[in-house]
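Think of it as A, B and C in the order they're written, each chain with its own count starting at 1.
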Amino acid sequence: MKFDTAYKLKDLAEFLGCSYVGSPNFLVEGINEIHVVEPGDLVFVDHPKYYDKALQSKATTILINKEVACPKGKALIISEDPFNDFNKITRKHKPNIAASAAISPSATIGENTVINPGAVVGNNAVIGANCFIHSNVTIGAGSIIGNNVIIHPGTVLGGDAFYYKKRETGFDKLLSGGIVVIEDDVEIGANSCIDRGVTGNTTIGAGTKIDNLVQIGHDTIVGKKCLFASQVGIAGCVVIEDEVTLWGQVGVISGITIGKKAVVYAQSGVGRSLDGGKTYFGSPADEARKKYREMAAIKSLPEIIENM
Amino acid sequence: MKFDTAYKLKDLAEFLGCSYVGSPNFLVEGINEIHVVEPGDLVFVDHPKYYDKALQSKATTILINKEVACPKGKALIISEDPFNDFNKITRKHKPNIAASAAISPSATIGENTVINPGAVVGNNAVIGANCFIHSNVTIGAGSIIGNNVIIHPGTVLGGDAFYYKKRETGFDKLLSGGIVVIEDDVEIGANSCIDRGVTGNTTIGAGTKIDNLVQIGHDTIVGKKCLFASQVGIAGCVVIEDEVTLWGQVGVISGITIGKKAVVYAQSGVGRSLDGGKTYFGSPADEARKKYREMAAIKSLPEIIENM
Amino acid sequence: MKFDTAYKLKDLAEFLGCSYVGSPNFLVEGINEIHVVEPGDLVFVDHPKYYDKALQSKATTILINKEVACPKGKALIISEDPFNDFNKITRKHKPNIAASAAISPSATIGENTVINPGAVVGNNAVIGANCFIHSNVTIGAGSIIGNNVIIHPGTVLGGDAFYYKKRETGFDKLLSGGIVVIEDDVEIGANSCIDRGVTGNTTIGAGTKIDNLVQIGHDTIVGKKCLFASQVGIAGCVVIEDEVTLWGQVGVISGITIGKKAVVYAQSGVGRSLDGGKTYFGSPADEARKKYREMAAIKSLPEIIENM
């Protein structure tokens, strides 16, 4: 998430009630999560285990709960509770999700796009041309939808990330300030859910086709011309490269990458990154030919044991 | 479900066209299912196999299809079809689910609660303060929602229990007259479903966080500070104690208990009650360390068989 | 899909810009997919591998990309791109899905049927008597719903088939021109999805009960008095005979048949046709007693390997 206007380090620190290390006029241009930060971004870290990763990331401002040595060309903001202070920034900049009308007056709708009754289009959402938005779809505030996109009834773009910090008092929510981006020629089935990014985008690449009741988590990047069958569930922060096929009810754990043209058979559970160009099966998923050998072995097992 | 006014035994029997055993003025204060009945409640039983369980339950009135010995301090109503007659009582007392407006005039909405366009709030529903009810959410008649609750788009509270009696002529529906109770600080993702109780409550405990496309069946009691990832499915009449974590696509069979702080890994199928404080995996689910041993053994199996 | 008025062969060929083989006045009465075609229907085929199947099917007109010998009593339309030309016909005859009002003025609603706020009923949909259509349900254009049907909130009837042809340029969509037919006494839970047929009907048989978050694909035929628990996913072109029970999260692959009174346990994956009257389990599903033997063998496997 880039700010409309960059903060000076001293102004952002003051807004948070924090001290800082660095030039007071150092610019903070946006916030992001560690796997997608760029120079100009602020990232937060609140556990010594991850200090180095945050300090060495591409982010140039680190919101941190200890005054450590500041890497050259970077700045620190010292916070007692970086999680909380990160939320403060997000809260100030996230899309306004309270809607005053079914189709927000601030939304932009392209030519020849049909929006059926019951659909809700949030503030500042942008929908391209020749789209069909079916009944009872919810397009969250700030969503960006390309041309020739079809979204079937009941589908939700822009739910919040399922992302909490466990505290003594209960789960503390990391606010979601990102958006959903749907590129051209995408079709999404009925009653599917695509969450918004925490600070970045959840993106569905051009030409990808998604069936009904599919879940796609926050900040996940789906490539072009992928095919996801019904009831697939993809967690947050996943990278799915182009032309990947996931058959029905496949589950994908957070933070991994599925390589180009991989195929994952129905009901598999993907628990680690997968190379492209191969076919996978099982829960946890492995190469299908390996799994088939295991399955054949299991079938013969009862008899083998009996004969032992 | 407690009646607004208790019935006298003779009046309830007359309403049902049934005979009774007991004092005509014996009070029937409510109806409930056998696992949650209390003194004052009526329970029904229509199979000799379950007679004893019903007669010995905490219920004080038993709607039964045979005149048996009446336990001391209790009453019987003798019915040719207890299932049907139980439905007759439910039908008379269940919430009115026909809505005359998107937000029922009889609903109560707390301070600072936002309800986005397309959301429907049923008759006599009560929503606390500082809640955010997103677009196209359906809050069924009679639901009770605490404070600081977030419900994402498309989620449904108060669908009917999936509960039928098989008859020669087809499935006969047990009517749902209970409600959904969501305690404070709960967040529920998009397009999830929480069914109403048949006669009691389906309850989500304070501070619990539920992701998208999650199913929670009738009369299930979820504890405090639980975490359910996307596409989890929990059947009816389940008890989930506090701080239980269910990862994505886990399924839970009806009628069991999952103990405090249990963790169940993704895609597992829970087919029996689980002790708290442990980690589980597999379909059917077992302790994860056992399952890992089995999985390692399976991996080596094809080679072992080849070498035999 | 039957046309309101049959085409003469020459007129349909002219509409498509194609040549033809057969009598110019030969009648084309409708279009359908190969597994459900009848005499009078047109079917399309674009791969030599399937030529014979199409030519020998019950269809009497074949839209084909090569001039082959025409079977007696049949006709051919020769197309450079049968897929595309089939879509041209569907596009002309499919229901009009753009809705001008939440409840289309062309819809027919039976006596004593309740439609709650937020429900959307498409053009020319027909709903019988004594139905309850809950909030935020979407009933697609052309759907036919019998009497005494209950549809819980958020459920979608009539999403498009998830059916694409892979081309160099991306996925090309096979247009859906069929409808959804729900027979009498059916109940469907919340946030479920039943896709319309491509050219035929997706049918749910009388007395069948379906839970929440269930997916049923295009052209699938579900028999009478079936029971599908929550989060079941059934692909397209499946035949499920009467009184079949599928427990929670079961997946069913496309194109197969599940026989009468079969029972499939939770989380199973059905990858082939199943005989009726038996009980199945596992992913892929097999007879439950076999699976139980395998599971018992697996449990003892780690110890056996240790002792080897």
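The rule is short, and it goes like this: a contact is a pair of C-beta atoms (placed from the backbone, for glycine too) under 8 Å apart; a residue touches a chain by one contact, two chains touch by 3 or more.
Keep in mind the model is a prediction, meaning the values are calculated, not measured.
Annotation: the subunit A:subunit B pair of sequence copies touches via predominantly different residues, less than half of the used numbers being shared. For the copy pair subunit A and subunit C, the superposing rotation over Cα atoms measures out at 120 degrees to the nearest 5.
Averaging C-alpha coordinates per chain places the centre of subunit A 32 Å away from that of subunit B.
Shared interface positions of subunit B, defined as residues touching 2 or more other chains, are 118, 136, 154, 191, 213, 231, 249, 267, 283, 298, 301. Considering their complex, residues 97-99, 101-102, 118, 120, 136, 138, 140, 154, 156, 159-160, 162, 164, 170-171, 173, 191-193, 195, 213, 215, 217, 231, 233, 235, 249, 251, 253, 267, 269, 271, 283-284, 293-294, 296-298, 300-301, 304 of subunit C touch subunit A.
The residues of subunit B lying in touch with subunit A in their complex are 114, 116-118, 132, 134-136, 150, 152-154, 185, 187, 189-191, 206-207, 209, 211-213, 225, 227, 229-231, 248-249, 266-267, 283, 295, 298-299, 301-302, 305, 308.
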